[in-house]
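Both complexes shown next keep chain A, but they swap its partner, so chain B is in the first and chain C is in the second.
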Partner chain A sequence: MKQATDPAKERYALMEKIQMVDFALVELTLYLDTHPQDTQAIQQFNQLAVESRDLKSAYEQRFGPLRQYGGSFSGYPWNWGDSPWPWQL
Partner chain B sequence: MWYYEKKLQYPVKVTECNPRLAKYLIEQYGGADGELSAALRYLNQRYSIPDKVIGLLTDIGTEEFAHLEMIATMIYKLTKDATPEQMKAAGLGAHYANHDHALYYNNAAGSAWTATYIQAKGDPIADLYEDIAAEEKARATYQWIINMSDDPCLNDSLKFLREREVVHSQRFREAVEILKFEKDRKQFF
Partner chain C sequence: MYTPIKCYQPYHGPFDPCPSRGTVCYQTPPNLYLGFQPPNLQQFPIQEALYKGTLWPALYDPYPTPLEKGAKR
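Up next is the complex of A and B:
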């Protein structure tokens, strides 16, 4: 059995997807802070929130927890503190 | 409270070890218009600002910490493999003597961060105008650093941060309009 994809590449690719979706969420958050009645933007926000959650779950199954203090489940042994940290990637 | 997430807001890649560039970038780490100043300025102003704009200050202040982490990552990657000789040649000899390869909150000229960089006047318009000015100064600083940098990977991340300053400034300007509108409305009824 041959590994089809390079895990490091896959990590970067998946992380980049998360960064894209989360960036849209940051941008929509700030926009909605000053435009609270924009229905379309709220719809987009809620849709992307689901997408972000799903992408993070997929990432975490392969590469370990992303979110602190119970935002993500832990593996065994405790793997929150495992490298690499963001600046080491 | 705050939650840490093990990811950068935007990827940070550097082409090569370049402590000279790191020296300039420290301006955005511990300088007057840097990301630490920004985060602390906005999050501290929240407590006395009208409710209508607390959310915005909270969200922009939080994003500034993500930018601080990006700047730290740039400095770390640009200096981690530098020899003491390279640090010295890049103008970071004094930094190396005090901190080795550790990061520290000072500006490009080596002055330590100080709370006098930020203000909280308790007057919402004065505070928001300060915030707009801070964003414009940070945008200009990013531009000056980009002008001196020949690292295309790093410039990609710096351009992202420069654009965020533009968006933040825009949102703060809208916050001013929201407060003005509220004030007029109260007088009218």
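Up next is the complex of A and C:
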């Protein structure tokens, strides 16, 4: 039985997952810059990219857009400016 | 295996007004000893990597304090 966790806790848990995946993507990007032929790392990078996109869309459906200029879909009304901002989280 | 912490004794002359510093230690990052990173290095799990600051244990650097031996600063 999924215990009803309050949205704040869920929000932080989801944001933490996003940060974990994005950090790994940054590391892999830097690694792949110097190792372009490493197929295994490229495969891992693509898997993480898909995971990151899914996590972000899940987050955005519930807590509002994360990115601008088409990076995220907008809710109604135009709500990308609503708080909390990432640094206020 | 390399030792991340290196120590040396600076020369203390007889007319040196300042007190002797005894042994001076400093800490060196692991990437100095790695050279070109080999492929397929062992990785941290994603959850841990974020908090360890790197994806690869070989490059993990907790920046150990050079004063571990209680050397006089």
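The definition used in the following text is that the second predicted complex is superposed on the first by the 86 of 89 C-alpha atoms of A that agree within 3 Å, B and C clash if a C-alpha of one lies under 4 Å from a C-alpha of the other, contacts with A are read in each partner's own complex, and residues count from 1 in each chain.
Heads up, the rule we're going with is that a contact is a pair of C-beta atoms (placed from the backbone, for glycine too) under 8 Å apart; a residue touches a chain by one contact, two chains touch by 3 or more.
Source: prediction; values computed, not measured.
Once the two complexes are overlaid on the shared chain, A:Thr34 sits against chain B and chain C alike. In the superposition on chain A, contact is made by A:Phe23 with both chain B and chain C. Residue by residue along chain A, chain B and chain C are tallied for touches, and B comes out ahead. In the superposition on chain A, no contact is made by A:Ile42 with either chain B or chain C.
By the document's definition of touching, of the two partners only chain B reaches A:Trp85; chain C does not.
Look at A:Gln68: by the touch rule set out above, it reaches chain B but stays clear of chain C. By the touch criterion defined above, A:Met15 lies against chain B but remains apart from chain C after alignment on the C-alpha atoms of chain A. The interface of chain A with chain B overlaps its interface with chain C at residues 16, 19, 23, 27, 31, 34-35.
For chain C in complex with chain A, the touching residues are 36-37, 39-40, 46-47, 49-50, 54-56. On chain A, the positions that touch chain C within their shared complex are 16, 19-21, 23-24, 27-28, 31, 34-35, 38, 40-41, 48.
Residues 12, 15-16, 18-19, 22-23, 26-27, 29-31, 33-35, 65-69, 71, 85-87, 89 of chain A are the ones that touch chain B when the two sit in their complex.
Chain contact summary for the complex, chain B toward chain A: residues 3-12, 53, 55-56, 59-60, 63, 69, 72-73, 76-77, 167-168, 171, 174-175, 178.
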